[in-house]
Structure formats: C-alpha cells, structure tokens
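Pasting the structures in now, so scroll down.
You will see subunit A twice below: alongside subunit B first, and alongside subunit C after that.
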Partner chain A sequence: MSRLRRALGRAGQYVLVLVAATTLNFLLPHLAPGDPVTYRYGGQTAALTPEQLDEVRASYGLDAGLPEQYWSFWAGLVRGDLGVSIGYSRPVLAVLAERLPWTLALVGVATLLAFGLGTLLGAVAAWRRGSRRDVGIVTGVLALDAMPGFWVGMLLISVFSVELGWFPSYGAAAITADGAAEWVGVAQRMVLPVATLTLASLGSIFLLARASMTSVLDEAFIRLARSKGISERRLAVRHALRNALLPVYTNLTLAVGTLVSGAVVVETVFAYPGIGRMIYEAVIARDYPLLQGAFLLVTVGVLAANLLADLTYPLLDPRVRRSEAVEAREPAR
Partner chain B sequence: MTGTRSRRFATAGGVTLVLLITVALAAPLLAPYDPSARVGTPFASPSGAHPLGTNDIGQDLLTTLIFGARISLLVGIVAALAATLVGTSIGVVAGYARGWVDAAVMRLVDVVLALPVLPLTIVIGVFLGPGLSTQILVIASVIWAGTARELRAQVLSVREHDHIQALWAMGGRAGHVLPRHVLPAVAPLVVPQFVLATKTAILLEASLAFLGLGDITAKSWGTMLSLAQARSAFLTDAWLWWVVPPGVAIAVTVLSFALLAYAFEERARPSLADRFGGSPGTADLRSAVPGEPPTSGGDPLVIDELTVAYRDAVAVDRMRLRVAPAELVALVGQSGSGKSTVAAASTGLLPAAARITGGRVLVCGQDVAALGPEQLRSLRGDRVGLIPQEAMSALDPVRTIGDQIAEAVTAHRRMGRAAVRARVGELLSVVSLHPDRARDYPHQLSGGMRQRVVIAIALAAGPELLIADEPTSGLDVLVQAEVLDLLDGLRRRLRLAILVVSHDLPVVERIADRIAVMHAGQLVEIGPAGRIRAEPDHPYTRRLVEATPRLRLPEAASR
Partner chain C sequence: MTRSADTPATTGPGRSWTCSLPLHGVHPVRRVAFAVLAAALVAGGCSAGTGTAQPDQLRIAVAEDFGPLNILNQSEDPLTFLVYDRLVAPSPYAQDPQPWLATEVRNVDPKTWMISLREDVTWHDGEPLTAQDVAFTVSWFKEVPSGTYTHHITTVPHIAQVEVLDTYQVRLTCAYACPFLGTVTLAHVPIMPEHIWSGIEEPTRHTELPVGTGPYRLVSHEPGQGYRFEANPDYFAGEPLVETLLMPIIPNPTTTFTALRTGEIDAATQFLPPELVEQFRNADDIEVITTTPLQFPELRINYRRAPFDDPEFRRALSMAIDRRELNDTVWLGKGRVADRGYPHPDSPWTNPELRTTYQPQAARQLLDRLGFTDADGDGVREGPGGPLSYTIYVDGSVPVRVRATQLVAEQLREIGIGARAETIDTGALSNLLDSKEYDLYLDSIGAHGVADPTQFIMSHFSGYLWDLPEVPYPAFQALFGEWKAAETIEARAGVSWRMQELFNSRPTAIPLHYPSGELGYRPEAYDGWVESPGYGLVHKWSLLPREVAQGAGAILEPGR
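Presenting the complex of A and B:
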C-alpha cells in the first residue's frame, strides 16, 4: 500500500520535472528581451523586412496566442519534433541522436568509476573517523572537489598529452583507422576525459558515502557482527559497506546531475563529440533550438538514470523487495 | 581530535579567504598594470616585467589574475547571498506553514534540484544574454533550492522541540513564535548554507565563464581560462603561467569555503565529533602480575577489581564478580550505573573513549585487556557470546538470518557447506525457530523471533560464557518471559555461564541464581536471588526491591 503510493509519488515527481523542463524551454524565448524570432534566427533578422518577419512569425505560429503556441509546442514534442538546428540546418533530434552515444559512454564509465572510488574512499575514511588517514582523505577529496572540472582536464592534457605524449588530447576516434585499431583509438581517447570527469565528480559521492558509513558503524548490528569474532575486513565489507551503500545508491540523483554538468565542460576541453561539446558549440553559435533540445534531452537522461536507480534498488535492499511479507507476519505472533 | 581539527580547518579557510578578499579589494594597488592596457608583446613568457607573462593581446596576466579575484568573488558572494536569502525565506515559510504550502513549495524545490545544474544555467544564461548581473541571477535562481530544503528540514525539527510545542500549547501565535523562537534556533545553520552556496556559485561562475557566457569586459578567473582554452594555451608551455594560476586561485578559494563549511557542520553536529577519541587501550594496560596463576579456578568469567574510566570519569570502580559454569548471574542497576560497561569490558568491546585503568577481566582464564586484536577476535564468539542491547535492531537488515548465523559458525571453524547448513538449522531449533527461517531476512521476523536469532548467533560457536545486555528491552511482557526461559533452559542444557545485565529487577530475579547490584559504578551488593529479594542488606538494594510491585509471594531461596 504505502509502497505503491511511494512509487506513484516518484512517478508524479518525474512527470512534474519533465513538464517543468519543457515549459521552461518553451517560455525562455518569450521571457528573453526581444522577439522569439530573433532568437530562432540567432540575431540574423536585421536583413529581413517587417513583412518578411511577420511571415516568419506566422509560419512558426508565433502570431497565435501563448496558450495555443504552448499546445502546438507540446504536439510537436510528442511527434519528436524539436525544431531545426540553425547551425546544422538539420532536425535537432537527428543531431542529438548522433552525439548521444559518445556522451552515454563517457558519463556511463565515469559514473561507475566515481561511484566505486567515491564509496570506497568514503568508507575507508569513515572506518577510523578522525584518524590521520581520515583527515588526509577528506582534505584531499575536498581539494579535488574544489578544482573546476575543465581545469583538471586542461592540466591532464598539458601533462599527459603535450608533455608526455601518452594520450591524444582531442576527439573521440582516430580518423584513419578501422577494425581493432579503431577500438584502441576510441579507448585511448576516452582515458583522459573519463579520468577528468571521475575526479571532478568524486566529491559529492565521497561525502555521502562517508556520512553513511559513519552512521552505519554506530548501528547495533555492527556490534553484534563484531561479537561473532569475524575478521575486521569481513565486518567492514560484508556488513558496514554493504549497508552504507544503500543511501549512496538512492542519492544517485546528486551524482548524475554533477556528472552531466561535468560532461559539458569536459567534452568542451577535449573536443569530445558528445552532447556537452555540442551545447558549447550551440552557445557560441547561438543555436537556440539545438540548445533547447539538448537541455531537454539531458533532463530526460538524468530522470532516466534516477528511474533506473529506483527500479534496481530492490536488488540491494531486501526490505523493499518483499515488504508485503513483513506486514503480514509482524503482528502474527 | 575532531574539535581541534575542525578549528584548524576553520582557521585555514578563514585566513585564506580574508587574504583573497583583501587582494580583491586592493587590486588597483597590488596589480602592476592597468588590466585593460596592452602592456607587452602578445604571448610573452614570464619575465621580470611580467611575472606571469602576457596573453594573446599583450595584457599582463598577473594583473588579470589579481583583478579576476574581484569578479569571481563578487559573482560568487552576491549570487550566494541572494540564493541564501531566497532559500532561507522559502524554507522557513514552508517548514513553518506545513500543509499545502509546504507540499507545493517542496515540489518546486524537488523539481529545481532534479534539473541538471549547468545545462540549466547555460540555457537561461544564453537567453538572458551575457553580463555580470545575468550571471548572478542565473546562478542564484538555480542554487537556492538546496538551501530551502535544508532549512525546511531544520524548521520542522525545531518545531518538534519541547519548548516550541509548549509555546503552541499555551496559545502562542505564529507572529510571536516564529521570530522569537524558531528563527534563532535555525539561524546558526544559515551561515554554513551560505558558505556552501558561495562555493557552488564560484565553481558555477567559472564553468559559465569558461563556456563563453561570462562578461568579456569584466574578466573573472573562469574567463581567463576560457581565453586560454580558446587560444590553446594548454598545448604550449604557456599552460604553466596562463592555465595553472587561475585554476589554482579558483581551487584555493573554493577549498577555503569548503573547509569553513565542513568546520561549521562538524560544530553544528557535535554528536558526530569525538567518535574516535583515542585508540582503545590494550597491551599497555595489562595489570596481571606476572607469574600469578589464574585465580579463576575454571570459572568462565572472573572480574577482579575492574576499574574502567571514560576520560576522567570513572564508570566502573573496583568491580568484582564471578560467574561459574551453568550459573546465571543477574547484574542490575539503573542506567548509568556502569553495568553495561562491565558487559562491554567482558567481551573486549569497550567504546574507544573507555579505558581499563585497573584490575582485570578473565574470560576462560584469559585477561581480556592483555589480548591483542587478533586474540580478542578469536575469543569473541568462540569462548564468549554476546547478546547486545537493542537486539531488535542487532541483525544486519540486508542479509538472511541463515547467512548471519553461518558467519558466526565459520568465523572459528572450517566447515563444509552442508555441515554449516545443518549447524544453522540445529541452532535455529535450539532457540525454537523453524530451520526454514534461515532464508528469511530480519524484517520478516517479529521482535521475539529476532531476539531468538541473536541468541542463536551468540551460541553458534559453542561458547562457555554468554553475556546478555538488556536481553528483554523492547519486547512485550510475554515475549520477555519466553526469552528468559530460553536462556534459563540453555544454561542448564549446555552448562553455560550467563551474565544477564538488566535495569529490571523483577524480570531477572525469576531465573537468576545470584543477583549483583550496581550503583554509581560500584558493586553494592551480591548474593543469592532469594536473599537479595527477601532481605537486602544495602539501602540502595532495599530501595530497588521495595520499588518493585510484587504479584507473587517470594519463593524459598532454593535456587
């Protein structure tokens, strides 16, 4: 009962976020100073006569009332029509589809790494809270977290690409390569961006994991587990870390938001052909339709990641797996 | 220790920030050149005249760096101020009003928090056009939500405080209670929120500026890096003087704010501090006189002149107690009397802040304080089983019952999988649970069943001594009796020595052979259960006995 309600609440929340993002997308050109047409055409309207402008407005339905425009905006979205990119002169959806796989790969790998590394460091720091090791790790992670992601990327390029020449500094794939060499090229070009993104988004996961581990270590079940005479390592991994993982996993929202934001600047630094780099290019070119489409896509992506976390959470926590059974049995004694 | 560390963090952060702000304010005095003047050849390397070289149009980079502090700090601090003001107001109102206002506001907050921060600011920023005020607006409009959520939670918890509740009950009006009582309680939390917001705002500003959304006429550190990127400065040696300094400046600034926030948070939650006050005392505290034979005479538990101190406070003072095989001794006293400390010392599980400062605890002849961590580990479970306090929550919620019992079995013996499973089933039967329960998770069991599982775990490795710390807390009266009868039966069947620690004299007197009474860290009386009940010697015991309502007539002291 309560579980169903919670699930419905979550779903409602997702729908709400999506509607908010879409509405914001629709309203921004209207809120901005000037005319939406100016924005659609990236400030190239000066060449047009007033009559031509009216024609353009009519062709985009901009002469209709705001509610009507809003409605047709949604109708377009449902059909998958995100408008036409000014810079590419192609449907926004097609441009996005081309870029998406690269970002998915980058953010996907970095999420796994940041999640693993952040949780592990957080757990190690919390294990002896207040010890020299804890202070060292906390200070280090806070310092890392204080560095702008794009700057970390620039430094990595300067050191590992320019000075040492270990990795290529830009792009996602070698232009003249196929077969195995192509995959090697792709992997090589992923190392630095993934490293940058991981380092730049470690902080929030680390702090969460450390707080979570600290409170788990105070639990009665840790005391009982210790009284069994099991090894400290087993205690730390099988009982403490295993339980500390739960809140970290449910708060993936935080991390995914940070990672996506990080991807925008990291892809820009490495000229990585994903959504993030495209956002940068759209900003430079004032390609508004593309920018709006990208924002929508990114929002959907973050929501999808959260949905995935929600749906897979029962795998980690047996209490939500068969919660009906509890209610059935609890008063049965 | 944590207290001094958070003070050190705060000092480091604070001093650095004061320095940075001074540099920003005094920029015209400190900077060697006019920030907009082209004073050297483009792309010049560092020299005496230009310690950090020049940029692509010949502006002095050191000057740009110094003036950059103004913009970066200005945008960060003003945006954070605005966000904190808005977030605090909204959070306080939502937490205070509750009901639909709260629901609506929190929905909005959740939506803002769910949107990806940087893409959101980019989209808004692009439409509003470049400029400092736009940047401040955009950043503030994104980061207020976190503050609002935190403050709302605080207001909600403050509302529940007794004195606020009392004010309501006395008919206090919102116009009075809010400014006089709720706001002062919440105010200390606004500062760390502001510090955190500033940190986020400065990083966001840097990212926005880097992506070309900054104000070109007012260069921040982010703008410097953006230009360096556009001119590919990081592909040449110029990265050392063009890329590194602004990044370091941003990192140092943000880190200072982060350290301050960390220190504030640590101070706001003192319960988290000092969890690891010092290393638990072990080898250096052994007090057994060399050559003295163990005086245990085979008793599984011998407590001899044991003194335990938390820092300067003595929790247990020269305690003496023995428990023989098949004997059940109850240790009773009020909370704070030191009885749980005795239980913890007997299993080598004293909290880190506690130290054995005198006497000793012999478990099966071994001095617990003299054992190393590995020896202690092999003692626990194998020789002495513990039934901890809060047994209701003493089971790991994410692992099956069988798994947790099996772990206690295999911690001390190598066994095949089938043998382990058989042993788990056997243990479950011993505590009157069906072996099929092994597959269940703790949340699927009732409180009494969970307590039985905890007992099964304590028995798993076949210990000679069992220490039960408040084994009946949280259970209803009928289940209490069942659990105690189970313990009583076990010690007879397995010849276990059992020490039951309880604040509840009537609960344990039924099954105890002897009762030891503790008060203020000292053992005030010990004797057969019947005698303690019938004719207590010590005034404290008398009070304890007389305070207990009696339904049955005392039985003869035959046990």
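Presenting the complex of A and C:
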C-alpha cells in the first residue's frame, strides 16, 4: 500500500512539474519582444500594411489574448495536436519527427562515446594518481575541454575535410544518395560532428570519473581486497570502477534527458538538421507553436530521464535497494 | 523541345511590346536579332551560348530553408522562379523587361491591358497554361492571406477586373491608370496553376511540391537539408543547361565556403565575407565575381516621434552622416558610398539626379535654427522634450552592422545629438517597426524595397517609410494624387522622381552604404553564371542558353 502511495506521489510530482514547465514554456516565447508575423512579413520587406499584418496574425490565431491562446494550446495538447509551425507551415509534430532522429543519432552516439571514453580515461588516470600518465591525461583532456566546441569543429574540418579529404564537412545526408550508399554517406557525415561533440563534452565526465575513482581507491575495502591478493585488473574493474561508476551513471541518465535538445553550435557548424539548430532558428523567428512543441519535448525528455534514473538506480546500488525495502516494510504511521 | 511561332504583335493606342518588339522603342537591329533568336529556337533547339561544359548536376549551397517554395510563405525569388514564370521577364528591377509567358502585353488605354499568352506552355504536370490561369492568379492573390505580391493586385496598382477573352487572351482593367503594369507588376507576379491551387482551402499551409511552368521542377525538399531540382526538358524557352541542381542548406558562411574550397559544392548564393575575398581570388580552382546587389543597410527613423516628426530635423540627421567614412572604415572600401539616397541608384526607376551629401556644419546650423541648442555645454543639445539623447538599435549577430551603428552614433554626437548603439536579437529587431517603440535602428532592405517603384509607394502605406493614412503627409499625398493620375510611364516616372526627391530631403530611412557582393564558384564545374539585376548569379537565367537570357533582358551587362 505504501509503495503504491509512494508511486502515486511520485507520479503526482512529475505531473506537477510537467504542467509548470509547460506553462513556462508557453509563456517565455510570448514574453520576448517580437512575434512570428512581424518577423516574417514585417521588418525588412515591410510589404504589408499594419492591417494586412493583423489579417495574417488572425489566420494563425495570434490575434486572441494570451489566456485564450494558452487554453487553445492545452486543448490541442490533450488531443495530441501541437499546432502548426508558422515558419514551416506544417504540423509541429511532423517537424519535430523529422529533426529528432538526426539529433538522437548525433548527440546519442556522442554522449555514449564521451561517457565511455571519459570514464575509461578517468579510471586510468586515477589508478596511478600523480604519475606522469595521470598528469599527461589530465593536461590533454583539460586542454580539449578549454577549447570552444565550434573551434574544435572547425579544426577537425580543416584537417579531415580540407587537408585530408577523408570526411564531408557538412550536412547529415547527401541529397543525391539513396539505398545502401545513403547509409554509408550518413555514417561518414556523422564522424566529424560526433567527434566534435565527444571531445567538447569529454572534460567534465573525465573529471567526474577520475574524482570518483580516486575517492573509491582510498576506501578501506580496496585496501582489504588488495591485501587479500586480488589481481590488479580484477581490483580495478570489479571493485573500484564498479563503485566509481555510480555518480557517472547518474550524470549519464541526466544527459540522456538533454539529448533531445540537440547541440546548437555543432549542428550549426556542420549544417546538421537537428533539433538544436531548429530551436535556435525558431527562437529568432519567434515561431511560438514550434518552440512550445520543442520545449515540451525537452521537458518530457528530462522528466523521462529522471524517471529512468529513479527506477534504475536501485538496480545498481544495493544500498538504495535495501533502504527502499526497509521503508516498504515499515508500517504506516 | 516544342515551340510554336510567336503570335504577331498588335498595336494600339498605348504602349505595346511583344517577343519581337523591345520595350523601350522599336529598334530595328534588336527586332531582327530577336527574330533570329526565335527562329533558331524553333528550328534547332537551344545550346549554351557560353561554350562551357554542360554538367549533369551542380551543387549550390543556399543559406536558408525556404520550405517547399510556397510563394505565400518563405519566398526567395531566384529559387521560386526556377519553378515559376511571369508574364514579363526577368523582374521589375531590369532595364528592359520582355514578354515571357506572354507574347504581347499591350496597354490599350490608361486603365486597360490586353495580354496574349504563348500557346506552347505547359505546367510541369502536363496541363496547358491558359488565360484562365492568369485570371485565376489575379483573383487568387486578392483572396489569399496577404504577402509580397498582394500590393501589385490590390493597391499599387489595383487590378479591378480580369476578363478571359479566349484560351490565350486576357484583359486586365485597373481601378486607376496603371502604366507600370507591364514593366513592374507583370514582371513580378508569378502565374499560378488554377488546377492545383483552386482546390486548396488553406493555401498558406500547403506543403506539396510546387507545380510551375519554369525551367526546373522541384522534385525533393528535405527540411533543413536541401533541395533537388530537375530540368524541365519541355521548357518553352529552351532546355536548361544543367540536368540536376542540388541545393544543400548551409546557414553558416564558414561552413559554406569551406565546402566550396573542398569541392563539396560548386557555387553558393551567400556573399563571400570580405576577409575571404582575396584568399578565394587567389585560389586556382575558384572564380570570384563581384556583383552589385540591390540592397543596402539603412538607418531607420521613427517619424512618429518628436523631434523626428520634423522634416527639417530628419534632414539635419541625413546631412550629419558621413557615408564615405562608413564605406571606408566599416565596409573597407568595398561597394559604393551611399551618397545618392533612396531608392537604390541601380534601379532603372531611380532619379539619377539624387544626391545626399555630408554637411556637418549645415546640419549644426539647421539644428540651431530649429531651436535645439546645447545650453548646459555638455555636448548634447536640448529641445522642448529635454536632451537629444537616443538609442540606435542594431542586430547584435551582425558585427559589421554593430560597427556601422557605433560610427553613426559618433557622427551624430559630432552635431550634438547624444546617440548610443544598443544590440538586440534578430527577432526583437524585426518587431521594432510594428511596435513603433524606437527612435532609430539599423536594418537592411532588399531588392523589392529599394528597386520596385510601386513598392516605394506601398512602403509609405505599410509603416516602413511612412504610415498613411494614419499619419498624414500632405506633400506626399499630393504627389500620390498626381502619380495616380499620370497615364504614361514617362509621366509616372517623372512623379516618382519628385517623390524620391521629397523623400531624400526629409528621409525616414537613410542608406548607409551601397554594398558589392562577391560570389564564388568552381568554374570547372560550370562557368555559365551571369548576373541578373537583384538576383546575383544563381537564378534561371544562368541556367538557360545565353541568348535566351539576353533576349529576355535578364543579364546585367558590365558597366550598366
């Protein structure tokens, strides 16, 4: 009973956060100066009179008051309708569905690589803390971390596209390609942006993994294991790394939540058609429906990642599992 | 390629021109030349006049995603008119437009135009183009949500009536005299297929690929990624020279020009950044052409607010701007000094006598006369509303404009106006005009605004250059009355020139620089690029046989 109550309580929290975040996501774009119609038809060309601009505004339902627009937004949301993007003149869901796979592929692969590589390097550096290898790795990774992402991207393009000609410098897929060749082209075009994202996000994960590993290596159970004569490899992997992974895992699940928000800088440098670039362009164009849809997607992503962390953390950490079991056994007061 | 002989020219009381009759005067040599061209097209098909290789495909980077080229939404003329055509070509910005989908466009009386259509034009889906499509286009633009082309139908000019006389003849009647209809209106408005658009209830949300009559069919649009165009082998004016156009969307200029350098693209629609021009000029495999784009950055003035509502105060502002310093310092001497005011001096409709010169001393004296003096000696003049201290907004994402704004602010301080630059984002900047909450801001304006004489009028009704009828402007309104009454192109151009003089004597938008635009391409891929007024290099005229483009008056000859 108490487990059910706890589950319901947690679900209630999620719903509350979702409603609050969605409301903020609706309000924020509207609070910024400008609107999508003046961006599109006013400003530079100014070919339309104020009355004609109002006419266009009405055709998108932007002539209604903010409360009314907010209500329509929720009514649409309940029906699974996120509205029509003003910039793309297409349903928001369709626009998001087109962009999401590219972002998931790009940021997903880069996140996994960054976590894998960062953890490995962090563990290796911490294992011989203070050694020349440690100092070398820390210096190298921090130097990479200090470089802006766009600059790393330009550097990779300069070397691997311009000088060596190994990889294409832009885009997600060749427009002409089809069939098997298309997938080869897609993979080739992912290499440099994935490498850029991986290198740009490696530093923080490396430092986290190194600090966590260092802290675990100071624990008494490591000394005990070593005194028992366990091999160094087994000690490092089964005893130290396994425990050091817990904070890294927490960070990984939170990073999964931000996957769907894309990577603005890298998507711009490589002309990649992901969500990040789309959100940036939609912010500039004040494309309210698209921004609301994209922000909703990001909110749901973050909440889902939190839920994933909540659900899976006990599987990895027996202490949490045990404390939950004790709580569940305690009678309700 | 199929093509029938052109319909013979007819004459009437007004101006008339056909495929064999040039617009400005009936020059015998040109008439013969055009006849020879027509005969060559009919007899033997078309070939490249340039002698360059005709590649199977070209890869051309575009900077923006314009969607599936729904002309009511994102509109980019050079791309749109790969697919669509106009009755008259190439655009309202050319010196000498020629009948295109029409064989003849004839002004039978001041308010009436007769249009005869070619009989050999088909839409991309095989349906024939008829007078019904022309009539539909006019009616349709009156019904659909307003857009770039609306004013050509509803306001300046106002096409009150359209009558289909037979399958290939249509008569347009304006509400008031419309001598510009043939050279401006019909050279801008695309002709739409009735059989496609008549059944579409929400045309702004139509996202199917377009069906036009143009030299290319848009066969694929991948949002955020790019376009693919295929040549229309049955194009009435001749088969396009390149079979396939691939247009990746690359917003970032650095990425674009890296791709040009690596050979991943063959050309780009973006102008080269000034710092890359020399590097690309020196590259063996890249050519750079300097074009004269019909656009400029300008200082916009809120004429609704005091003291900017005083025409003399605005004149003082104009005299305080040192355009040469802007040209030399900010734009590194590339382009031209903007000392010929508004509209763009390269528009065939601009008064060639316009001059706006830098006269800081005269500006100071004028401000003194108007009663704006620096009583407290702090360097900033005061008026009835307090010190003359103003903010000039500018888009912070365009560094060169930020620098220009800072320099303009310095120049205004020189005459005792306390101005300071403030950066805001693109979205907020685009709202300033509509919000009316500004003193001054820096923006740019494109070909439609600076080279279309009817848009110049419209801009006085849209709130951009003025806000008629809400804000009265008797001097302009009197000229507008004369303009509407003028029944010939010459008379109307004369009134237009006086309107321009009036505008520049009390400007609400001050051009700061007439830019040049350097465009790069790989000549081994294709070397047939030609500049068309307002459209740069990438447009249909570069992709059609050279003599066809020349016949349409589409090529901007050097030294114009």
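Assume the second predicted complex is superposed on the first by the 222 of 333 C-alpha atoms of A that agree within 3 Å, B and C clash if a C-alpha of one lies under 4 Å from a C-alpha of the other, contacts with A are read in each partner's own complex, and residues count from 1 in each chain.
Simple rule for what comes next: a residue touches a chain if its C-beta (ideal position, glycine included) is under 8 Å from a C-beta of that chain, and two chains touch if they have at least 3 such contacts.
The structure presented is a predicted model; accordingly, all values stated were derived computationally and were not measured.
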Which superposed partner A:169 touches (first subunit B, second subunit C, both, neither): both
Touched partner set for A:23, first subunit B, second subunit C, both or neither: neither
A:154 touches, of subunit B and subunit C: first, second, both or neither? both
Contacts of A:135 with subunit B and subunit C, given as first, second, both or neither: first
Touched partner set for A:221, first subunit B, second subunit C, both or neither: first
Which of subunit B and subunit C A:53 touches, first, second, both or neither: second
Which superposed partner A:312 touches (first subunit B, second subunit C, both, neither): neither
First (subunit B), second (subunit C), both or neither touched by A:268: both
First (subunit B), second (subunit C), both or neither touched by A:288: first
Partner, of subunit C and subunit B, that touches more residues belonging to subunit A: B
On subunit A, positions contacted by subunit B and by subunit C: 32-33, 39, 154, 157-158, 162, 169, 268-269, 283-284, 286
Complex contact set, residues of subunit B against subunit A: 1-2, 5, 107, 110-111, 113-120, 122-124, 126-129, 199, 203, 206-207, 210-213, 222, 225, 228-229, 234-236, 239, 243-244, 246-247, 250-255, 258-259, 262, 272-277, 347, 349, 373, 377-382, 385-386, 388-391, 393-399, 404, 407-408, 411-412, 441, 443-446, 448-449, 454, 457-458, 460-461, 479
Partner subunit A, residues of subunit C touching it in the complex: 57, 67, 70, 73-74, 145-148, 150-151, 204-207, 220, 222-228, 244, 246-252, 254-255, 258-259, 261-262, 264, 424-435, 443-446, 448-449, 455, 458-459, 461-464, 467, 470
Complex contacts: residues of subunit A adjacent to subunit B: 13, 16-17, 20-21, 24-25, 28-29, 31-33, 39, 128-131, 135, 138, 142-143, 145-151, 154-155, 157-158, 162, 169, 214, 218-221, 223-232, 234, 238-239, 242-243, 246, 253, 257-258, 260-262, 264-265, 268-269, 279-280, 283-284, 286, 288, 291-292, 294-295, 298-299, 302-303, 306, 316-319, 322-323, 325-326, 329-330, 332-333
In the complex with subunit C, residue positions of subunit A that touch it: 32-35, 38-50, 52-53, 55-56, 59, 84, 87-90, 95, 98-99, 154, 157-158, 161-162, 165, 168-173, 175-176, 268-271, 273, 277-278, 281, 283-286
